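Each in structure tokens, the structures are laid out below.
Each of the two complexes below includes subunit A, the first together with subunit B, the second together with subunit C.
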Partner chain A sequence: MNTLEQTTDEILNLAATHFKVPREQLSPGDDFFKKLGINSLQALDLLTRIEQHFRIELPDYELQGVTDFRTLAERIQSRL
Partner chain B sequence: MKSFRGKTLSWTTADGTVELALHREPCNEIGSATLTELEFFAAALETLKKDAQSVIICSTRSEGFCAGADLRELYQRSQPLPVEKRVPELRGFLERIHRVMNTLDAAPFTTIAAVHGVVFGGGFELALICDLIVADKMARFCFPELRLGLIPGFGGIPRLKRDLGNAVVRDLLLTGRSINAAKAQSVGLVSQIAAEGDALRVARATAAQANKFDRDTAVAAKRFLKPIPHEELRQEIDIFCELFSRPAVEAGLRKFVESTDALPYLP
Partner chain C sequence: MLDLRRYNCLGEALRAALDRWPSEICLIEADRDRENARLTYQQFKQAALPLARSLQNAGFNRDSRAAIIMTNQSKWLISAYAIFYTGGVLVPLDYKLSAAEQLQLLAHSKAEVLIAEYHLWRAIVQAENFKSLGTHLVLVTEAPAGADLAGAKRWENFHDSRLPIFVPRTRRDPACIVYSSGTGGRPKGCVLTHDNYLEQCRALTAIFPFSPGTRYLSILPTNHAIDFMVGFIGPFTCGATVVHLRTLRPEYIRDAFTRYKITYMTVVPMLLKTLERGLRQRFDELPGGRRRALRALIGINRAFTRRRPRLKLSGRLLGQVHKGFGGELQALFVGGAFTEPATLQFFYDLGIPVGNGYGCTEAGTVITLNDFNPFRADTVGKQLPGIEVNILDPDEEGIGEVAVRGRTVMSHYLDDPEMTAETIVDGWLRTGDLGRVDKHGHLQLLGRKKNMIVTEEGKNVYPEDIEAAFEGLPVKEFCVFAANYLWPERTMTGEQLILVIHPEPKPQIESTPVTTPLPTPTVALENNEAAAAASDAVSEPISSNSSDVAPAPRSDESTPQMDERHLLSPEISAEIDGRNRRLLNYKRVAGYLVWDCDFPRTASLKIKRLDLAEQIRKSRGRHHVVYL
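The block that comes next holds the complex of A and B.
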């Protein structure tokens, strides 16, 4: 099973690739809405990609109030 | 009429298949203009039968298939009316959309929803009237109505109950969460998953296969496979109207209408 650091790293890689942001500009504590410049529709897109990548189900209500990559990774970790 | 281009949707006919494409900004919200054109489409089905055996419903909007009912219009139409006239006005709208949905649900065609992106609320209900749902792998399905103090009003609960098991029906309705295409396929909602941007191509291939069969046999099978749950659909209208008259719903709709978010129905 992934460590929290590995999961966070995979999310950062996935976000950088899909939203075309240089990976080195992304950090675990970043607000992904601000850093990626995404709206709620794109956040939903990110959620789908995360579910596919980690092969998990992540109900969107578990992400209410989650804005940074590290907390997102913790939510994913609890479903792995 | 083999082809039509309206304000909210268009259709064309080729190779035995009618393609009904939704194209209203921002994401095909269903209001009175869409309803009128869907009624026009439903009325044209008898003529379209001569040239086609399948219908594909799809969207040209990049945001998705359909974000549901046009709640802004619903709110703005009801507000100027005296309180006692709001529910009768709403009931009239719901009865019209139910008639269209029931006609399309039972239409003597093999019907395929080719969906991508947002498939929410009334958009989900539109997909549910189709015999088959082909989903882009990035599609998401959701019934967010309970967040506004309402239930789905375009036939969603009876059709979901007709097609799926209790666990997923209750999960979708009572949590208002969205599910992805893979989950939707695993619970029996989606027939086939397509690569990103490929749902329409897969739907066309599916329609071409369905078109090989005798129409009368396909229609007989369809009648047997998916009876219209008329009694529950009538109950749904009653419950929706009852809930709509509560002040909490008006407040929820006002908040929604006043939101500056382009897509405020998202979680």
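The block that comes next holds the complex of A and C.
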């Protein structure tokens, strides 16, 4: 099973690829809304990519109140 | 549809609807491509009455208050009906608020019962202010087996098969307490009566009637006034079907259109834009010949629908596009925030009319709505039947504050007669929005008079509500304003919040020149204008002799000196940034403004916001804002 660090890293890779930003500009503590310039619907889109990658199902509410990659990774890690 | 004039309360009207269309489907609940529930009106009644009886067994009765904190799903509507059946007052709370905020509103509403989804209840239990919860009974839906419910009961087990007693209410009795704001400051609990809802429903269904077979896709939160009306009361009192989706992901919304042959849906501007972007992208990807053919067909459709929508013709001309929307879509509705006319026109030209509306919770949901007779992309439509719109103190262009009168206007703000008196003056509800009514009776909105913003997601954000997030900043005082309140503009898009900071008397900043670079901007600033303004602030030194800086305002007979450097120390700036990030993204301030004078205050030391805004307006502009 992935460690939290690995999960975080994979999420950052997915976000970088999906939103076409250089991977090195993203770090775990970043606010993804601000850093990626996305709205809540686009954040849900990221959640779909993450689901496909980890082969899990994440209810929309897992994103509620989450704004940074690290917390998102923690939520996903608990479902792996 | 029911003749709503015959009913005195929502419970009565809903009860009649359940008996009138027993075999029609009233509710479908889908989660992605799975269907969780499909209920007829008869089955809905069978699910709600045992809950109503159990509530009565627990002492819930006339005027008892019950709060619901749930995402859109069948148990939301079943619970609401059970509450109305027993004569209670419903308090729909926003499931997207933080648990601490929900607890604050629960306390203010004095709700005796709380009905919540398990994951939301879990967050409430973990909140610091959990002990403030004063409800006698908590019902939790969909809790996993063996879960610790912290004293709550399972909604699914809370039923008594004996018949409950129906408790009738009068038209003037309260039906709902709906919070339009106030999570961080002064709660605004709009008390809406049964008359408000029944009249609003009557007005809306007079223009857009629902009927058995009509399917309404409900994706705006049901706690929001719009969905409560058009995704519950409206369809139910007409025998129509409500489709709930447990996800808001655009791909599943698109699927739902085709799977359930949706007739109507209401969206916020952000989602409409997302749909528009997706369509434009698909059009652009078409081979050259097909793209040109599509453009030609859109042009033909535009010509034939200039006076009124012609859905059958549009469906034939642009069949592929309409098929993507399920083929039976009559109209989309958009509300909650300002929508770009170009977006409305884009859909109309495709033969998908979008009814642009305007309203507020205080006015019982909708005030004006486009009736497509003819379609207008530049207005928010005409006043609904039975609702009067007036423009107060119009200027030479006819622009003034929009005021509303009619039977849909709320009764009052809960426990706040002072705010009620400020908001409803001589029977007219003052909306705080600026607009004008043209010669065809269409309302155009042209800005705001009040200190608040509305996001593209339809979220109303009041500056006072987010000030708590900045409590304890190492500054002398601070205050949050809507940028358009400080510097009025005739626009309702791109609204931002600004944190006005009065630093401690000893400057927090190094005595560096004004050209000190701003903190390194992140990849994406809030918007390009913000980036440009921030860049201007760096590249254009501002001196005390600068012509665009008016003399400093007077305060306590002295002439305070303005801080010319406009930048806080990196430490304070980082602190603001950190606190800002803990706020939900739509509640964040876009930047800060340094203000080197004491804030004007009342005898009880409350900030005189109007006076402060005037002072700031006189000597500071948008270009003085440092964007985070």
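Here are some notes:
Here, the second predicted complex is superposed on the first by the 80 of 80 C-alpha atoms of A that agree within 3 Å, B and C clash if a C-alpha of one lies under 4 Å from a C-alpha of the other, contacts with A are read in each partner's own complex, and residues count from 1 in each chain.
Definition applied: contacts are C-beta pairs under 8 Å (C-beta built on N, C-alpha and C of every residue); 3 or more make two chains touch, one makes a residue touch a chain.
Remember, it's a predicted structure, so these values are computed and weren't measured experimentally.
Touch criterion not met for A:Glu24: it reaches neither subunit B nor subunit C.
Looking at the superposed arrangement, the partner reaching more residues of subunit A, out of subunit B and subunit C, is C.
In the superposition on chain A, A:Leu36 contacts subunit C only, with no contact to subunit B.
Applying the stated contact rule after C-alpha superposition, one finds that A:Gln52 touches subunit B and leaves subunit C untouched. Within subunit A, the residues touched by subunit B in the first complex and by subunit C in the second are 39-41, 44-45, 48, 59-61, 64.
Of all residues in subunit A, those touching subunit B in their complex are 39-41, 43-45, 48-49, 51-52, 57, 59-61, 63-64. Taken together, the subunit A residues at the contact with subunit C in this complex read 21, 25, 31, 33-37, 39-41, 44-45, 47-48, 59-61, 64-65, 67-68.
Contact residues on subunit C toward subunit A in their complex (touch as defined above): 71, 96, 98, 119-120, 246-251, 270-271, 274, 456-457, 522-524, 526, 581, 584-586. Only residues 63, 117-118, 137-138, 140, 175-180, 182-183, 261-263, 266-267 of subunit B touch subunit A when the two sit together in their complex.
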